[in-house]
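The structure appears right after this line, and notes come after that.
Labels run A, B, C and D following the written order; every chain starts at residue 1.
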């Protein structure tokens, strides 16, 4: 059974505008395909996502569509451009909506449906902010149920100032960034496979009771 | 063969001053011991650690002692108090010294010696700053070779303002914090065991070559 | 001539849903009114703001309406709830749109229209994340043309975990938070007045030439 | 009466090792001198500073020496290298020690001695992390009593990866960085002068009473 990987492209740009983050994802997909991992990319700005923290905010909210795709993936990667030294507002909006993972559709043992899935991060910008964006996203993924393999991220940034972005800077040929992409893909694949065969035994509901008792 | 867990207490306080972070770690140790995991705690301020990024900064630098302990642990947990809404300067100093992991003693395939170890984070403060501290530390652990299981952190903070810290606030009885401790311990243990049995196959040196080729 | 203060409420909630951030702003307004400062509050979610970084993203984009209000205020305060230990996605979206300040309608000397205005920040949440949100917003305000007086922010957060938010926690009676509100209001007022009477003499365009020469 | 500016160089390197941050500061000093501002640079690693948050941690703690210099300056600039996408541990240590400002030697009206001083930030690194470092430092300066003029920071970073640092990269000729330095120096000078002539009237102790009353 093939593994699959889902990328969320959190660019601020609407289709068909050219997205640097999309070009960066292209490069990652090549590596995953060589590893026989099936890939899918969603550009969040192509969907109508409402602000909020619930699983469905009504009014033609497209979030349930994305949620369903997250449910069905093994590997989940948030890809965001940098704006103001931080992830995009769309990436933050997604993080907020993903809070609903922690409240809906839990398994009998209390594990969120994301338990045993793995997460990674890709960040690109013309300058400074990648590590900050990655840090925030890793925290969110970890709390929302994903495991993070070693070296599970890649980024591209240029020199200080309003310089070239990924495409014009030939980021697809930036060796440091590509090296991280290879590590990210291989490690995500390994951990996804390993957790599929060896899922967490954590009894979340039992532990809630133990915590309650410990706190009396 | 028993798993073992190493905690670094990054309090600013020198022994024998009472450390809230030490009390928080006490609670975590209880849970690990029930899981039959051997624990060890180092209070960084008891050692003479030099500022820098190398594996040995000379002049009676104690860093090699800590490095050796990291080498021999399966589970590694950074525990830090919050100061100014951020991890302590000692926690940051440790993160800088741990950069030497990426340069020394790599295995034949290029994996740092931390590959196949797992990492977690504990943060306590009288108020605000835990999630920021956790985010930064997760990024560091991930880059420096550790895998991060789902829900691999716990924190305690009080209300806005100069209120009680962990001990006086009875943080050891704060259910939310204890619940996270249980999840953290169980998930760290599971992933440590699983990676021991199924280590990463990533050929870091081979991937460097592939990245070079992709970037030509 | 009366000073005026503009608050942007960056809650994720649509009117008429109750907003904790709105309640927090209410308390701040009382103080400003006693100082004879005229106040206005915009709830961003009541407007149709497009994602992007330009001054007008077309398609009934309401950003120009808000931009005009920013142009006419002396004191500008970003108020945001905390989600995931960080400012709201709406607060981030606003920060991105405000980048257009740096490109449009500059004065002859090159100063953005915000030069000589002052900025402050208010953050509320049920738990952890205020200082991180404030840090990011202060950086944005500083780069986008505002001056930041001493003690120019206030926040409310509760204990770790899913506890009460501002209204239910009686945040309006939390002394530490109110103390910061008083300092914030008095210091913003003082600096706004002082800069009105003593505007920056900075010749931005001249300095660009000097920087160019220094860099040859 | 001449204004003066104090720079704290928070490099991890001990004298006489070459510091990129020192070279960056050199460039800033030139600009200040042309503005007839007297400058002084302290390299923190040349002093014996203890970890802690008090004004004197005993045992030949050199912090009181630095504190005295802060008391006597009009313009205060924290300059830090980037390590791990964040300010240096020495910069964080300084931020912790500066908490003592809020507890010692307050004026009759309760203002810290830093009220009416202005603060700026300089950050250099071989890659990514400047805006994160600046954000954290601006927050600290603002809370610890400094006012922040518009465009009060400058930074240099290179492309993603282990590239050249400030000196080897000829950061002193990087136009974007120099442009920020000019703005920073001019705006700091203007605000320092303006606040000297028009100090905050804020009655901190009175406002504490008002906050208490508002919170009953």
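The criterion applied here is as follows: contacts are C-beta pairs under 8 Å (C-beta built on N, C-alpha and C of every residue); 3 or more make two chains touch, one makes a residue touch a chain.
Note that the structure is predicted; figures quoted are calculated from it, not measured.
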Chain pair with the higher count of C-beta pairs in contact (C-D, B-C): C-D
Identity of the chain that, by mean CA position, is farthest from chain C: B
Computed distance of Cα centres, chain C from chain B, in Å: 36
Inter-centroid spacing, chain C versus chain A (mean Cα positions, whole Å): 30
Chain centre separation in whole Å, for chain D relative to chain C (CA means): 23
Multi-partner residues of chain A (each touching 2 or more other chains): 84-86, 131, 135-136, 139, 143, 174-175
Overall pattern in which the protein chains touch one another (line/ring/star/complete/other): complete
Chain C residues touching chain D - in the complex, by the definition given at the top: 27, 114-115, 131, 134-136, 138-139, 142-143, 145-153, 173-175, 178-179, 181-183, 186-187, 190-191, 194-195, 197-198, 200-202, 204, 207-208, 210-212, 214-216
Touch list for chain A against partner chain C, complex: 12, 45, 51-53, 83-90, 92-93, 95-96, 99, 136, 139-140, 143
Of chain A, residues touching chain D in the complex: 84-86, 127-132, 135, 155-162, 174-177
